[in-house]
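These notes concern the structure reproduced below.
Labels run A, B, C, D, E and F following the written order; every chain starts at residue 1.
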C-alpha cells in the first residue's frame, strides 16, 4: 500500500525522510511531496489559501499515480474538503483525524499548538466537525513553525507546561499535538505528564493519521461522494490541474 | 463611501452593472471586480480553492486603492477568513451576513440554493458560525449557476416551490436566497409565498450585505484582529500579492 | 426615513438629544419616546415586565404615525417579540442586534454590562437566540444604570478593565457594550484595548442597531409574520392600545 | 400547605373549582386567582405582555398572604422569571415544569398545543431552558383557547391524532399537553395511544406542576436568588404593587 | 404509597433508618434494600457494572411486592435505564432527578461530589440527558464514600468551600449534592453560602427524589415504554431474576 | 499483535471463526471469547446489564494473558467505560468507533440496526459521545439479532431499503451498520446504494474497529487514565474477578 503524505508548504527540509521512514513497513510505502507554489509555512488562513491549489494538484497526481490514500500534513486540514471532491481514494487531514482519535481515548481533549493566532481557525474546524462538546482547552507555545527545530529541549518544556495547564486548569483528558511539526514530541510530553501524575495519551497526528489511513484502505472505506461529489468539469483560468483523476 | 464587490469567478457577464447600479446612491459607490485566475463558477470547495488566491489579491488591492469595505459575492464565503486577515477594512461574506440577518427576522431559516451538492459546504459554515439551532431547511432548485439566466420564469417557479416546502414541511420562518446569482428573485418569491398565505421575509444576499457593510463603515466597526490577525510577512512561491496593504 | 427609538423607562434625561442627533443624517430622522408607565430603569425582568405594556403602545403608535422602523433602547430586548407581533415595520432590539453584529466581526463575544444580576437574563436571551457557542464572557462594572453618568472617567476605566479580562482570560474577540447607557464609551474602550495590544471591535449597540434598521428598511425587509403573527383582536382589560395598527 | 394557582387571564369561568378541587387533599389547599387587568386568553407574546404586570401583583400578594408556593397556569410561563425575582417562595411555570418532568420519563418529548402560532414562543423557551436536544415535535390542534370547551370529543380526537403523529413520525416518547386548558384530556389521550400500541406517558401540566410544587415545599427548596435576585426598590409609574413582599 | 429505596452497594450501615424515617409520613412508607452481590461502594463504572444486576433483581422484586415507585440511591444512576425496561412502576435515579430539579431552580448548576474520578461518568450522564448547557461546575471534596461519616465537620467545611468556588468562579446558581452519602449536609451548606452572601438552593438528592417519586405516583405518571420497552423473554445464564414482573 | 474480540453474549455459533479469520494477517492474531454468564443476545439495557460483569472479567483476563487490545463486539458498547477502567490496554467499542470513523468519511451518518427499541440506547450514547450534530437518521430492519442468519437475502434487501431512506429522506451521507451481527452485509448494501445512484461508504463495525485497534497499538496509544482511572481495590460480593490486572 502506498500512502502519499502532502506537506502543504514550499520549504524544503522541514519534513524529512527521518520523519517518514519509521512509519513505513513491509506493507506500507509512504511517498512524500511538497508544494511548488505556496507559503513557506502555514500559520493563517491566508497561508492556507495559497497552499490549497497546489495541494489539490498533488492529491490528484497521487491518485493518478496509484496511491491508496492521501494524508495532508497540517493540523488546519487545508484543502481537505476540496481534495476529497477531487479524488476517490481516502484523504485524511491530520487535524480532523487526530481530534476524532482523541475522542476515542478520553472525555475531552486539549489542542496544544504553535501560536495563539490559529485558535479561531481551529475552533471553526471544531464547529464544522461538530465536536465542540469534547473540546476542553487550546494552548500555544508561542514558537513559529519554522523555529520549532531551533531548540528541541525548550520546545519539549513548553509543550509539557501547556499540556499540564490544559489538564489541571481546563480539565483535558487527552492531548492532541496541534502542529505536525511537533512530530516526535509525544514521548517526552507523555513522560513529563506521567511524572506529574497524569496518565494521559498524547496524540502525535502524523503517525496516528497514517495508521487510520491504513485501516481505511484495509477496510475498503473512503469518503462519501455524497458529501464530497466530484467537481464538474468546467473552464478554469490560471491553474493547470491533472486530468484523468477519478473525478 | 466605496464598497468593493468581488465576484470570485472568471466568467464575464454573469454579474453586471444592472445588478449593481440600483444599489448605489449619492453616498455610496460600488466598484466591482472579477478574477483573472479561478473557476468559471463556484459550486464546490474545489472551485473555491481555485478562487481564493485571486480573491485575496483583489481584496488587498481594494484596501490599497481606498475602498471602505469589501463584499464577497458568493454564499460559500470563499476566502472570507483569509481576506479578513489580509486587510483591516470590513470584509463581509454574502453567506454569513445573510444568514445572520435572517436570524434577526425570524425563528429559523431556510437556505434555498442551486445544487444539492453544496449542502455539506453550507452545513460546515453553519457549524463554524455556531448557528445550527436556527437552521431549518436546505433546498436546491437543481440548476447550475451559469444556467440561472436561461429561464427566469422557471427559476422563480422552482424557487417558490422549494421555499414553500421549507416553510410547510421543515418549519422555516425566513428564507435566505442561497446563491448570489438569485439577485432580484426575492420579490417574486415573496409574492408567491404571500399568495400561499405566508408572510415570510426573503433575504436577497447582495443588497442585504451591501447594506450591512454600509452600516459597519458608518459605525466605525471592522472585524477583530484578534480573530483575524494580519499574516506575518513570509516567503511565498508562485503568487504575487500586493504590498502596502494594512497587514 | 423615520426610525423611532423607544427608551423603555419613565426617567427623563437619561437618553438625550445629544445622544440621538449625531446618528441622524439627511436621509434619516430619529424620533424618540419614553414610557408614561413603567420603571425608572431596567435592571431585572421585574422592571421589564412593567416596561413592556407601554413599550407595546409606543411601538403601535409609531407604526400608525408612519415610522419606518423601531429600535428598542435596552439590551434585554424587553417587548421585542410582542412588538414584532403587534406591528409590521421592522422592530430591532439593541441586545439581539448587537450580539449578532458581533458574530459578524469575530469568533466569540464578551458582554460587558452594569450589574451581575442581569447575567441570567442575558444568558436566557443567548439561549433563545441560539448563539451560545459564540458567547465567551459576561462581565459587569457593578454600577447601576442611573449612576452611569456620575463619573464618566471611572466608568471608562471599569469598562476597559472588564473588557481586558474578557479578552485575556475568557478568550473574547469582540466586545459588546451590554447597556445602552454606555452610549459613547466605545471609543475610549477601543483605545484602552489597543494600548494593551488588542485590536478588538467594540459594538456600541444604539448606533449599530440604528444602522442595521436603516439597512433593513432599504432592503425592504421586516420580521417574519410566521414567527411573529399579529395578535388576534380579543377583549383586554386595563390597557388601552392604539387601533388601526397594521396588525 | 397553600399553593396559589394564578391563571393569567381576565376571563372568568375558564378555570373552575371543578378543575382545582380534585387536586387538593388534607395537606394541601389550592387558592386560585385571575387577573383584573390583562387579556381574555393567552395565545401570543402580545397577550403575555399584558398579563404579566397583574400576574406579578398576584404573586406578591400570595406571598404576603402566606402561600407556600405559586403556580402560573399557562404553558408559556408568562412572568415566571419576574415573579421569581419578586418573591422568595417557589414559583413554578406549567411549561417549564411539565417539559422537565417529561425529560424524566423518556427520551424525547412532543409539545401538543392549541395553535401553530405559539411554536416560536415555545421554541424560545426550550432554547432558554437548554433542552433543545430533548424536543422532538410540536403539534397544534388549531382550536383557540376559549373554544376548547365547545366540543370535548372533537378535542380529544384531534389531540390523539396529533400525539400519534408526534410519536410515529417525529419520534416522540413522551407527550406534554401544551395548553393548561387541556386539563383532564390526558386520560383519553393515553387510552387512544395505548389502543394504537403506544405505552406513552402524557403529562397534564397543572396536576404535575402542583405535585412538583408540593415536593419543593416539603424539601425546603425554592428558586435561586442568584438567578432571580430581588428587584431593587425603585420609582415606578402607572403600577401599584404590594409592599412588604420578601423582596 | 410505598416507595422502595435501593442502595446499590453491599455495605451495611451506610444508609440507615435514621436517614429514611424522616422522609416517611402517614401517606408514605419507604422500604429499603441493599445488594447481596455487588461492590462495597460506587466510585467508578467498574463498581456500577457489578451493582447493576442485583439492582435489577431488587427493582423487579419491589414491583412484584407492590411498591408504587423505586428510587435508586446513587448519583450515577446505575441500572436506571435497565430497571425502567424491567418494571412499569416509576423508577427514578437520584442523579437525573436532582439535576433536573436544579434546572427548575436556577440558571446553571454545580455538581459537588466525593472524588474527581467520577467527573467523566457524570459528564456522560449530562450529555445523555441533554442538559450540558445548564452544567456550570464540577467539584470534588476528595473523600471516598465510605469515609464520609468519619468527620462530619470536615466534610461540611469542604463541601461549603467547593460550593463557594463553583458559585464565585464558575458561575453556578444552584448546587446539587453529588453523592447520596451527603444526605443531611444541605442545611449546613446553605447556611455557609448564605453567610458568604449567596442565597442559593442546595439540592439534597434523596429527599428531593422521594418527593418527585411521590408526585409522579399521584399524577399517575411513569416512564415511557417507548423509551424503555420491556426486555423480551430470552435465555439468560448465570443470573436468576424474579418472574411475574409486569415486563 | 493479539486483539481479543469479546462477544458479550452466551450464545455459541452466532459469532464464528468464519467471521474472524479473514480479519487476521501475519502481524495480527485475533482471539475470541463469549460469556459464561449473561444474555443470549443484546437488544436492551437489561441485556447489557447482565452482560457487563462477565465482559469485564474477560477483558481483565485478556490483558493478563497478553492481548494488545480488546474489541467489544456490540454496538451498544456494553461495559466499555468499565473495561477501560479495569485495564490499561486499548479497549474499543464497535459502536463508538464506527460512529467516529463515519464522521471522518462524510457530513452526517445513519445508524441502521435490528430493532426500533434500541433507538434511545443509541441516542444516549450519541449524546454522551457529543456527536449529536453529525447524527442524521436511525433505521431498524425489525429482525431480532438471533434471527439475522435466517434469511440473508431478505436481510440485505431490508438493509438497503432502510439505508436508502436514511439517505434520501434524512440526508445521511455515510451509513453505519448498527449491529455487529450485520458483519459482511456492507458490500451488498454499498452495491445496492450505488445502483440507486449513491456513492456512500458503509461502515462494517467489526473490521473497522479491529483496524482502528491495530492503529492504536502501533501508535502506542491507549485510553486516558484520567477519564478511566483504575478502580480502587475494594470488597466485592458475588463476583470473582481476575487479579494481577494492570489496574
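Here is the rule we use: a residue touches a chain if its C-beta (ideal position, glycine included) is under 8 Å from a C-beta of that chain, and two chains touch if they have at least 3 such contacts.
Because the structure is predicted, anything quoted here is derived from the model rather than measured.
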Can you tell me the least number of steps between subunit A and subunit D, where a step is a move to a chain it touches?
2
Which chain pair shares more contacting C-beta pairs: A-F, or B-D?
A-F
Farthest chain from subunit D, comparing Cα centres?
A
When subunit A is superposed on subunit E by its C-alpha atoms, the rotation angle in degrees, nearest 5
120
Determine, using the mean of C-alpha atoms as each chain's centre, which chain is farthest from subunit E.
B
Please tell me the distance, in whole Å, between the geometric centres of subunit B and subunit F computed from their C-alpha atoms.
43
Based only on mean CA positions, could you tell me how far subunit D sits from subunit E in angstrom?
27
Considering subunit E alone, which of its residues make contact with at least two other chains?
106-107, 120, 124, 127, 129-130, 132-133, 173, 227-228
Looking at which chains touch which, would you call it a line, ring, star, complete or other?
other
Those chain pairs that satisfy the touch definition:
A-B, A-C, A-E, A-F, B-C, B-D, B-F, C-D, C-E, D-E, D-F, E-F
Touching residues of subunit D toward subunit C in the complex: what are they?
10-11, 35-41, 43-50, 52-54, 56, 79, 81-82, 85-86, 117, 120-121, 124-125, 127-130, 144, 227-229, 231-232, 234-239
Considering only the defined contacts, which subunit D positions touch subunit B in the complex?
119-120, 123-124, 127, 132, 138
Taking the complex as given, what residues does subunit E use to touch subunit C?
106-108, 133, 171, 173
Would you pull the subunit F residues touching subunit A in the complex into a rising list?
92, 96-97, 100-101, 103-107, 129-134, 167, 173-174, 198-201, 203-204, 207-208, 211-212, 214-216, 218-219, 221-228
